[in-house]
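Supplied in structure tokens, the structure appears directly below.
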Amino acid sequence: MENNIGTTEPAVENENASHKSESSGARKARYGMVIDVDSCTGCGACMVGCAIENNVPPAARGADERTGITPIRVYKADNGRPFPESNSVYFPISCQQCEHHTPCVSVCPQNAVEVDPQTGIVGQIPVRCLGCRYCMTACPYHARYFNWWDPTWPAGMEKTLNPDVSPRMRGVVEKCNFCFHRLQAAREKAAAAGKTEIDPGDYIPACAESCPTSAITFGDLLDEESAVAKLAKSKNSFRLLESLGTQPKVYYHSEREWVRKLAESGIAEGEFGNG
Amino acid sequence: MGGKIVTAQLTTSAGRPESVPPRGKIFFLAGLVVVLSFGWIVFPFLIYKKVEQPIQFSHIAHTGDNVGMKCEDCHNYDSSGRFLGIPKIRKCAECHTKPMGVSAEDRKLAEDYVRPGREINWVVYSRQPENVYFPHAVHVKEAGLKCQTCHFGQSTSSNLRPAMISRLSGYSLDIFGQNLFNAPYTPSRGMRMDDCSDCHKKSGVAESCVDCHK
Amino acid sequence: MGSGINRRDWLKLIGGSAVGLMLSPIPWKVLDESAKWTQNWNWTPVPPKGRVNYRLTTCTLCPQACGVRVRCVENQPVGLSGIPGHPLNNGKLCAIGLGGHLMSYHPSRIAGPVTIDAKTRVPAPIPLEDAISRISGHVLAASGVAVLDMQPGRSISYIYKEFLAGLKHGTYTFPNQTDGINAGPVNRTTTSRFKSYGIDIDRTRTIISFRTPLLDGWGTLAQSAEIGRRNKKGSKAPTKVYQVESVSSRSAGLADEWIPVRPGTEAIFALGLAHVILEENLFDRTIKGGSENLWGERSLSELAGKYPLSRVSTITGVPDDKIAVLARELANNRPTAVIFGGDPVGGPFGDAEEIIFADLNILLGAIGPNGTIVPRPDLPSPGDHRQPRVDGIQLSEVPDHSIEVLLIDGADSGTTIPWQLVSRKLVPVNPRIVSLSYLPAGVACHADYVIPSPAYMEMYSDMPTPAGFSRASYNVSVPLMEPPASAIEPLEFLKRLAISTGSPNKASICSITMRELIRNRIAKIFELHEGEVFDADAGETKSIGSMASSRELVRILERGGCWTGNARSRVAGLTYKFLGNSDYQHVFSAMEKLADISGSASDIRLLPHGTRGAGSSGVNHPMMSKIYQESNLRLPSDVASISPSTGKMNGLSDGKPVRVKTDFGQTILKARFDQSIMDGVVQVQVGEETGTTARRESLQGSNTLDICRIESDSTWKTTSVQLSPL
Amino acid sequence: MDRNLISRKLDRAPLPRFVAWLVPWTLLLLIGLYAIYLCLAKGLNQTNMNNRFAFGLWIFLDLSVIALGAGAFFTGFLLYILKKHELRAVINSAVVLGLICYSGAVLVLMVDVGQPLRAWFTFWHPNVHSMLTEVTFCITCYLTVLAIEYVPIVLRNRRLKEVPSFLVFEFELHKVMPVFAGIGTFLSFFHQGSLGGLYGVLQGRPFAFREGIAIWPSTFFLFIISAAAAGPSFILLTTWLVSKISRKSLVKDEVIRLLARISGSILVFYVMLKCIDTLLWMNATAPSFGLTAMSFFAWKPFSIWILLGEIVAFGFLPALILFFGSRRLGKGWLVFSSILVCCGILLNRFVMTIQTLALPTLPFDKFTLYTPSWQEVAAFLFVVAYGVILYSLSFRYFNLFPHEPDLRNGKNQNGELVIQK
């Protein structure tokens, strides 16, 4: 399966978007990011920054790593060798914004998920969602999270919610949407200034903004000049589970060969509980 | 088996002479009519509550010739192009520190709100659900829509009609999409999801949910 | 039955109504409305709307003093981000800093002054007046009063000193400086006499770090990120990083090379390096001249002579050829810097060890005319008359059992210290401990009185230069939120205390507010007429010289600005004392002791450690649950990581509870098998405790550090433990 | 009252015994009801499902009962369309079973989704690409069909029969029954298939993904056929069970054997297809993802045995017994192997649901398992209890087995189902 997203026109081969009209004035974009896993220290700033920006509540009593909500989650992976050869790497995983056969879109029974033809961002509409969780079983990246609890904040903390994001209610699925509201804000700013194009500097997701080592490069993959497009084409950039042919728009980058091998290896093999 | 049917019919017709059909029909119709009329006439008024505005504000008094204000004079944007909606009391205070006219409302404004610096909690007819994103800047400045396109005569209205708020969902009647039996009202159109999507389809912009839903 | 309504008529009626119902809007409308209701549940909070604006300040949640850009809705902070271009954090924040504004809403926040029952540790509210009068009573009766300042060098620190100066036996103390490079060892091994030193990252080509979280947020965020950038393959100015530690930390994972040494043998390893450097004459030529105890009797070379590579290798568990190779690497890729300590939990090294590290620095020319370790001037005090009358001493230097009343400042030091370290300084019979903090966390958990202070973003405060930074710097943190009525500023508390204890300095203390205090200090900085200031509003840097008055400096600093002093020229013409001022025997024996400690390969060693941004208190903002509770990214403090073989050897199983027992107590932790961990080592990450999003009912302040052995030199690098399954 | 509700031609246990029989089931029903209340009121945190196991016991249950309920449509299909008149003996029972299974499934689904009050969005804003949409539509429609098919059975109750218009209505309904059977068959084909498609289309789950024909992955067809095979077996099984419990002979021997034969022959066909499909998946589909099929079975406790078990022990074995033995072998064998068939179906649905989710997809991901919470189990048992109760009532007050009276009067000596103790 070819992985030519970002370099050629992807929307053509995107059956989820192709039936939509192409008539909008603004230039078509394909937003994506390249995460340099060699720079990731696994500090978790992206996870916290994301949660605060997107009004994700802190853990409900009894929530754990399998029922919590972390639209971007940093996984630790290691080379499987014992001490002292052991070595590890951190993979921050948000919605991978699949461009092709987007697994979660076709399965949703009531069109609560779709690929935005303008930006290539996979949108999730919680108020349309009925919480059947079919999309979660469809997503190979475990990037979708279910609201098992009513969202609750410690007393007074709801004052700190971000007005640009509506909190989700219990019983619906949510996920990363590249902080779409920030793109909206950028558009609004541009419109107010009488411009049709947004200033790329105005649109950067919370995770990329908060990464202390600037491991996350974000931008428009269709813009040949953008740093992200260049980096995505580097020979040491790769995507997770490429063999599934979902063509994610989140790339990873590493100079270390074992890391790239690890990502290629597809499904992990081994015994119960390892990996 | 067939035989049984016949006997059965015989017994019944013998048991109760032809009074049966009309009588039955009457009862059936009675039920039908009662419930229908309740459902179409009474019920809609039951699920909406009328909410009066705290102050009878007259747009025309401000936008009319004698004052001649523009919409933007009160409903403006901040530096980053964010629409600020209904102005805070400090805006009214610019003129209404003391009653300007003789009307009771005028006095109420000056005395109950401006002087103590209390905000007026208006009931916004077009208050959208929390999950709706509507950028005024994009619609007004980029697309060049007139305020009236969505807000109709609001700018020339002389009084504020009570808002119709659903007891169940808490949403204003004005923003209902074209939904199941939205009867018997035809509220001022222009702020329903379908109105938005119609216009968007016509002008061919913003084709996806995330454009308007956050 | 003929007349009247019979059952069948009823059926007909119901049938008719049923049909009518279906044709009426009722069922459909209700269906629709109920769906809308689920989208608009009144128990799902609605974010406040309003005018959005940005305000600027400085983070005070650890000494790194990051510049913070605060997004506000109607002046209520809703989101934080770093200030781009800021000299200390260059637009970045750590996981904790990003949620700083949530601290005020922590469910466990202390609502008002409390006394804590010694046994149950359950807090009981007490009126402020009573608290003050009681405390002043204790102070007046006490023959030893001390303030433990968790973040020395702030303006308030001077007021603490001033208050203590008014008492008969006042002691101002602070946790041992452990961070990377500190003045003590440098000044003890050289004739240099600066109060603090930093590292000139830009010049450094090789860094060898002894248990410093170098790539993990050490020093300042900008610095750490910079090292990381240089450390990566294919960077323009590559900096090689060698990480020497027994813990498989994140820095160890990211460094060019991780040299895992047996627990507690870092200094021996350094000695091995020194050995090679001396033997092969690789040391810096500039030290040829004035230097004591380098050669001959009672010298470093003699000491090194006792540790031939073979021996070092057996002690540290690192192959000797590897040591030799590394030594040559370090010597040949100069400028090199040796930095040590700074693990937020692992504690300091002993002075003997520090001397060895300093020696290594000298041998590699790091301290000297073209060195990487540069002196840093001190910040001026907030006013001449506030010049310290009591000198501060490190906590370790405070005589044992000398403190009757201890005031603990609640500032977040970014490091965790074992309670024993404090408690051994206290008188054995009911000492009084007062904590000025807004969370029942860290050492505050051991207090008898807690006076709730305003949280971060609720009061004026200033931030002195963070450790490791090569120049002097000064930042100010301004209040952006109303503190709760119950909160009382440390300064306010001191004023009340000064009055009720009739302190001779009460006039001076009461004469000033935090804001004035800080402004005075800014004025003093302005008078230095040196350095430059980063204007966060304009995003540009101005030289102090270009400014008309200190008022402008005040304006800039009170809006997230950052003043930085001039870079100091490197110290030249120094005389080196390779065994320090202290009697050389002390160094020799200390090394022997280390060699013995690690001697028995069989025993299992407990290694407490922390990650930067894990907070010192063990209670962080609720959103940290994303890292600790809702993912496995970081280990909470109740997990013991062990190598599978060690685990199996002790009959443990992965994920099951384990009893960790030392001579000083025991604790039950969750065993976690991790093959990246050295055999015979138990790694415990002290920091966030699980479930801190929930409210804490009692103030139990226990963590694994409580069962660690505190050595005579106030270190607790490693402790021998027994493991057993439950 | 109770007496006059029971057909004269049938003798039923005295009321007290019947009530005694209902009591435990009612208790179960109530516990389940409480569990369901908890889930609806407090949300799905009451379950042990999680983000990795977004589907759990309940979806497994839905798939299973709907497969077993297939007997209703398939018998209807054979009877009304293919005119297999012998099956009239079990059609009523089949319809009741179908109704129970489907209504039960829908009921559990309503608890399973996070926002039941919005479930109707699927009809209002359907996504035609989604298999789940297909399932939702078909199941709802088919449930209505079943309800309609159930009506005549109810109307033939002794008391209701006395209302002439009912009798007429029932008579009319009977004439159009083939139409409904047709519709039912059509609908069932689709949702049985779509349930298979549910997993077959999962591009992101190489273990479940299958190539297919047009828009339908192979699992689509496999599910239809397996359901068709299991349906008759389930009817056979239940008929046997009911006659055991009620100590009555209910249907003629031939019917049983016929059901066995039908089930057997379809099963043979199914197992063959299943083998071909598995081979295709192992040698074409999985490799196309750069994976070896075996890697999926490397994970304990699910090893290759689960696959072999499904195909051989629960596939070929019963298939052969039923196919060749339906005429000769004793009923014990038939019952035994129809048990195998039903278990086989359950296993297959289990593998598709649970194993698919348990397997890791990311390289650094873990294999995970999940144990249902008591609320989930209780809700599950609620459906079982509900089924038993509804069936018991129907069996008592309606004539589910038309031949039962004749068999009772011993009219035809040979061929009645004699239960040898």
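Per-chain residue numbering starts at 1, and chain names A, B, C and D are given in the order in which the chains are listed.
Assume a residue touches a chain if its C-beta (ideal position, glycine included) is under 8 Å from a C-beta of that chain, and two chains touch if they have at least 3 such contacts.
Because the structure is predicted, anything quoted here is derived from the model rather than measured.
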item	value
Shortest chain-hopping distance from chain A out to chain D	1
Central subunit by CA centre of mass proxy	A
Comparison of B-C and C-D by number of C-beta pairs in contact, larger one	B-C
Between chain C and chain B, distance of the C-alpha-averaged centres to the nearest whole Å	56
Intercentroid distance (Cα basis), chain D paired with chain C, Å	62
Separation of chain B from chain D, taking each centre as the mean of its C-alpha atoms, in whole Å	48
Centre-of-Cα separation between chain B and chain A, whole angstrom	37
Per-residue multi-chain contacts in chain D, two or more chains	115, 118, 121
Chain C residues counted as touching two or more neighbouring chains	31, 34, 37-39, 46-47, 49, 52
Contacts with two or more other chains, residues of chain A listed in rising order	67, 76, 78, 111, 127-128, 150, 165-167, 169, 171, 273
Residues of chain C defined as touching chain D within the complex	31, 34-35, 37-38
Residue ranges of chain C touching chain B (in the complex, touch as defined)	2, 5, 8-10, 12-21, 23-26, 28-34, 36-37, 39-40, 42, 46-47, 49, 51-52
Partner chain D, residues of chain A touching it in the complex	60, 62, 66-67, 75-78, 91, 93, 101, 103, 105-111, 128-134, 136-142, 144-150, 169-173, 240-241, 243-246, 262-275
In the complex with chain A, residue positions of chain D that touch it	43-45, 49-55, 112-116, 118-119, 121-122, 124-127, 129-133, 136, 198, 201-206, 288-291, 295-296, 298-301, 356-357, 359-369
Complex contacts: residues of chain D adjacent to chain C	115, 117-118, 120-121
